[in-house]
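Each chain gets a letter, A, B, C, D and E, in the order it is written, and its residues are counted from 1.
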Amino acid sequence: MAEPGVPGTTADRPEIFHQDVSGGDLTITEQKLSWFETLYREAWLRKLVILVLLAGIWEIYGRALNNDLLFPTFTATISAFFSGLMDGTLPSAAWGSGKVLLMGYGLGIALASVLTALAIASRIGTDFLETMTSMFNPLPAIALLPLALIWFGLGNGSLIFVLVHSVTWAIALNTHSGFLGVSKTLKMVGRNYGLRGPAFIIKILIPAAFPSILTGLKIGWAFAWRTLIAAELVFGVSSGSGGLGWFIFENKNMLDIPKVFAGLLTVIIIGLVVENLIFRTIERLTIQRWGVQH
Amino acid sequence: MAEPGVPGTTADRPEIFHQDVSGGDLTITEQKLSWFETLYREAWLRKLVILVLLAGIWEIYGRALNNDLLFPTFTATISAFFSGLMDGTLPSAAWGSGKVLLMGYGLGIALASVLTALAIASRIGTDFLETMTSMFNPLPAIALLPLALIWFGLGNGSLIFVLVHSVTWAIALNTHSGFLGVSKTLKMVGRNYGLRGPAFIIKILIPAAFPSILTGLKIGWAFAWRTLIAAELVFGVSSGSGGLGWFIFENKNMLDIPKVFAGLLTVIIIGLVVENLIFRTIERLTIQRWGVQH
Amino acid sequence: ETLRMARQFGIGYLPLTLIEEQGLLEKHAKEAGLDFTTEWLRFTGGSGMNEALLSGNLDIAAGGVGPALTIWARTQANLKVKGIAALESMPLYLVTTDPEVKELKDFTGKHKIALPAVKTSIQAITLQMAAEKYLGEGQHAALDAFTVSMGHPDALLALLGGQSEISAHFGAPPFQNQELKDPRAHKVIDSYDVVGGPHTFNMIWAKSEFVEANPKTVAVLMAALDEAMTFIRENPEEAAKIWMGAEATNLSAAEVIELITDPRVTWSVTPEGIGPYLDYMTRAGLITTDVTDWKELFFPTAFPG
Amino acid sequence: MQPNDPLLTVRGVTLQYKTPNHLITATYRVSFDVFQGDRFILLGPSGCGKSTLQKAVGGYITPTEGEMRLKGRKITQPGPDRMMVFQEFDQLLPWKTVRQNVAFALTASKKLSAREADEKAMDYVVKVGLEKFADSHPHMLSGGMKQRVAIARGMAMEPDILLMDEPFAALDALTRRRMQDELLRLWEETKFTVLFVTHSIAEAIKIGNRILLLSPHPGRVKAEMNSTTDPRKAAELERQIHEMLFAHEPDEVEHV
Amino acid sequence: MQPNDPLLTVRGVTLQYKTPNHLITATYRVSFDVFQGDRFILLGPSGCGKSTLQKAVGGYITPTEGEMRLKGRKITQPGPDRMMVFQEFDQLLPWKTVRQNVAFALTASKKLSAREADEKAMDYVVKVGLEKFADSHPHMLSGGMKQRVAIARGMAMEPDILLMDEPFAALDALTRRRMQDELLRLWEETKFTVLFVTHSIAEAIKIGNRILLLSPHPGRVKAEMNSTTDPRKAAELERQIHEMLFAHEPDEVEHV
């Protein structure tokens, strides 16, 4: 075994002792940030800049293209948007779609929860989830149309059915993979408390897998919109009702392209609002506070 | 401070010493599993049972419904499937779609990689990804039609564009959230090696976030199929070139419903094969070997 | 009890619009001592509507001759879906913006012809028949390679937008008429020429089971249709106004009146010109049937005379 | 169960990990008894299977051979009667504050109502010296602080048997001594049973009344002996254990 | 840089964590110098900011106040010239085997070619006694084994300065002594510089030549002193440090 040798090469340094280490009022002068940095730190400002830039690109490209039939300018779209807003057609269409969407989304989440719970509980549950997901997730909504019509008839029932199909698999996949990724130790801790079944899932797995679940929810949300808008066309409407998808279809039939884009803009705006108000807030209150994303 | 007291309540136990602890050949007689357990352990067998059950339910429901024009029986579908297989229409349709799908999927992955890399590299990149995702992800493919027509014309170019749109956001969201969830310590280790930029992402973030990325890839894959089948109708398939979507649409228009379901069955079978051969294998070679999912 | 009726978009459904707007069904039901309400469902295509019909969510479907022929042929063995009445006869035009294209044979590989659905839509079948007629026997599929599927509005936008390969559109009113207003556009073929006379464009159909079980309702429907047809023939301006009030449209009143009063358009419940389609589709193997008289496609209601 | 029956009996227990390509034997035919009120120490070299043995007692791993009984009942699954303090730093629930982490263990296992749990939790958070951080989330704590929260949680639960896996390893000398004293003081009060993994011989003698010595990987029982409180005897015992563990190693006083 | 200039200078460094609701000061105006060849020890109670200080030297945390210079250049980012052995158990890349983990550090930092790295990695894996587990993935290792891989990795890198955060905390007495001896033997060979966090006073004296004592949270410098190899002086020094750390505590010999 080696002898430690003469400690260090500079052992002749003086030793230092501080008697009063508790002193000082721990005042710290922080470096000031430049105004650019201060502004850059504001997420909403950065996002606003991005949005303004995108709108600018849209406007410029629209003008350069100069083809109102195919791609209207941003200003034309915005004015169509406001006129649609004023005469109430856009809000009522958005509300019509939104209602159905929320129902489908909610049911999709519920179904995904059940499937994932089964998958976590047993091996055959896992196989079931995996098989169902790999079979049904790639199927387009039209494939479900006949069954939807038989089971739910025309109207919102069928729309919700199709929405559930588009939401469930994405959320279930993300949730399940999130559950599997939860640290072994945390799972052992939960079991140690005697938690089992639903209590274990709700109190341990869901918070621990929250980032994955949130991603699933975001993807599910987006695909719910996509599917709804497409499905509103396939399923038709009974007179009087009709959501954003129908609004877009109708205006396209009338060749009122700025209105078509106003409808799409509504989808975009709703997406931005949901992301920045709802999902961001959830993230701030959970993931960020818990320090589980870096 | 408390005195430790008399150790234990049963201190008068004899002490035990084993001299030869290295002895023994460490032979262990394992308990035999019952044949049911042995079979149950085989994932493919469990999945097969599920598939057979689902097919059975389909057949029974189909017979009970007795409405071949809406929902054919499983046997009718299978016979349509084999006749489609024999006369080559199904394989060529599947191949037509598959080609486009793989291109769109590949491009989508590439684009998602770039976006996520930017998002990880800077705050404005994050904001950009978040804003783009929340804006564009909910937009249905039809919204892209005008731009696709202008930029890529009819045919595969536009299809791929739409596919990229349906694949990119889901993969980017999952990858980004996966990257954010990588343990602080692992990130510090990577930086410690002097890894930066692409090297850091490829050598540290991607393997560390692999479960999330794989989920994203699975969802992206499924949505690519869905979108492709729907988009083949919207985006001008010139006759002669059509893929599975076209096959389904054409037969639906001709009310040849067993063939429609044969087309859908093809999608299902491809989904099952891809899941169980490709994704499963990847999982076995990565996630399971690394012990990062429990 | 509710009668569930379907409608699609376009001027071709004008009689149904009038029935709904003027409450003609309810009026005639009352006269006949029947009590039912009507539910109007709107579809964007024939395939969704046929599924609604087959799944029992719809009593009476309305659409083009193409889907009607298909569902009739497919259901001869079981549900026996047949036409109740025609809605009108209207010509379909193949419109192009390429000045070089004067006849069908001028189409080459660089042209793309937009249709609602390649191979299966009535436009695609008409085009095949035209190819057979103008390009010669056995040439019926010659133009298929140039066709692409596209909804009417998208096709119009692509054609007139001029930034895509779409150089021709086989559409339907009012889109074809709007296209022809553009100085760059001109007509290449006319379906009346191909078929050899006027032919029904839209019609309504139902399952036999429904017609047999509800003869009174069907009679009421026929009476309402008849009144609507008469109204259109006699008061086209008034009909145009009602239609514009009920439908979202970007057409001017004059344009609508022009469409309605076009001398080549007949508003009548009696179908015509179905024979050539039936012949061709049977010949081309698109449908299999041993029926020779096309009138068997319809319930007797369609031939009140 | 008779009053003099052991609380925990471990009989010929072999523990193995099965991975797709490997079969790793962690412990081989280990037997011992833990009696009510024991402070039972598992001592052995790194990788000899101490943690695995504890996890098996915790109910997380089923022995390939042999059996374990708690109060005469075979151990089949985890439960709050055997509270674990793990070796890992990530055993705190990141979505709960320090105080909530302790309180949640009490409410989740249905030991106490929410209000009582909260009070008791705060008591124990104070005992481990983390009152200033009671409302912080775990990611804001240092390694040693995290371990102290886990210790507070384990102690607050007052289980039949407390399973502690190197709980004091991440603590500095002073904090460590405080924690040891706190553990002994609590033991004086309630005479609970604890199964304690450590790698410090001195700590084993100070904390334990009975010490199980394990051989290197795969772990087999080398000896099971009584501890002592007499300082002279303790020094002798330390030397003896040291020799048994370090057999074939140059003799040297442990100085770490 | 003059030959007698310090390798690392830390001047009035204040380190803080900013969280949405809190501002936590980890160390307050800490200054010290580490010279080429030093085995510099950071000693202090749990939560006093030792790990934070090391991470700042590692380049992960920017001081709110003061500055740190390595070889005269301000520290702004992490790099392979300062190799870290973290306190956490999850510092190994789970997708690489033990041997690959060590080799990857060498190739990723462009120190060695793949083949050389692999050989050198195996050498160090043997040095920490894990040859049997060279091809296992980290999830199959015990806590102490994981730490040993991290130590092997740190040492194999032969950096300008090796930053070790309680590397031996999870090791049993025997393995620990072996690791300490291995570290000193390597130091004899190459005279590298090491900044070592520990909570054991005995270990500090054995390993270090210079010891920095930190006060409790937030960490400030209490003293900076030389270590010794003379056993009698060492015992005296141990007593002295003990007193300084445990001021106001009942005097007792550290026995853990």
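Just so it is clear, contacts are C-beta pairs under 8 Å (C-beta built on N, C-alpha and C of every residue); 3 or more make two chains touch, one makes a residue touch a chain.
Because the structure is predicted, anything quoted here is derived from the model rather than measured.
Asker: How short can a path of touching chains from chain C to chain E be, counted in steps?
Answerer: 2
Asker: Centre-to-centre on C-alpha atoms, which chain is most distant from chain E?
Answerer: Following the centroid criterion, the farthest chain would be C.
Asker: Is the contact between chain D and chain E built from the same residue numbers on each copy (over half shared) or from different ones (under half shared)?
Answerer: Same, since over half the interface numbering is common to both chains.
Asker: Which two chains have the greatest number of C-beta pairs in contact?
Answerer: Chains joined by the most C-beta contact pairs: A-B.
Asker: With chain centres taken as the means of their Cα atoms, state the distance from chain B to chain E in Å.
Answerer: Computed value for the inter-centroid distance: 43 Å.
Asker: Where the CA atoms of chain C average out and where those of chain D average out, how many Å apart are those spots?
Answerer: The answer is 82 Å.
Asker: In whole angstrom, how far does the Cα centroid of chain A sit from the Cα centroid of chain E?
Answerer: Distance between chain centres: 42 Å.
Asker: Go ahead and note the Å separation of the Cα centroids belonging to chain D and chain E.
Answerer: The separation of the two C-alpha centroids amounts to 27 Å.
Asker: On chain E, where are the residues touching two or more other chains?
Answerer: 19, 88, 90, 140, 206
Asker: Give the residues of chain B that touch two or more other chains, as numbers and ranges in rising order.
Answerer: 1, 67, 70, 146, 149-150, 183, 252, 289, 291-292, in rising order.
Asker: Listing for chain C: what residues touch at least two other chains?
Answerer: 51, 55, 151, 154, 157-158, 161, 163
Asker: Mind giving me all the chain pairs that touch?
Answerer: Touch list across chains, by label: A-B, A-C, A-D, A-E, B-C, B-D, B-E, D-E.
Asker: Looking at the complex, which residues from chain B come into contact with chain E?
Answerer: Checking each residue of chain B against chain E gives 1, 183, 185-186, 188-195, 199, 203-204, 207-208, 210, 286, 289-292.
Asker: Would you mind writing out the residues of chain D in touch with chain E in their complex?
Answerer: 17, 19, 22, 24, 43-47, 49, 51-52, 87-90, 132, 136, 140-145, 148, 166, 168-177, 180, 199-203, 206, 217, 242, 245-246, 249, 252, 254-256
Asker: If you look only at chain A, which of its residues touch chain C in the complex?
Answerer: 65, 67, 69-70, 145-146, 149-150, 153-154, 233-239, 249-257
Asker: In their complex, what parts of chain C are in touch with chain B?
Answerer: Result: residues 46-47, 50-51, 54-55, 67, 70-71, 74-75, 78-79, 112, 114, 117-121, 144-151, 154, 157-158, 161, 163-166, 286 of chain C touch chain B.
Asker: Applying the document's contact rule, which stretches of chain B touch chain A when the two form their complex?
Answerer: Chain B reaches chain A through residues 40, 43, 46-47, 50-51, 54, 65, 67, 70-71, 123-124, 127-128, 130-131, 133-143, 146-147, 149-150, 166, 169-170, 173-174, 177, 180-184, 187, 211-212, 214-215, 218-219, 221-223, 225-227, 229-230, 245, 248, 252, 257, 264, 267-268, 270-272, 274-276, 279, 292-294.
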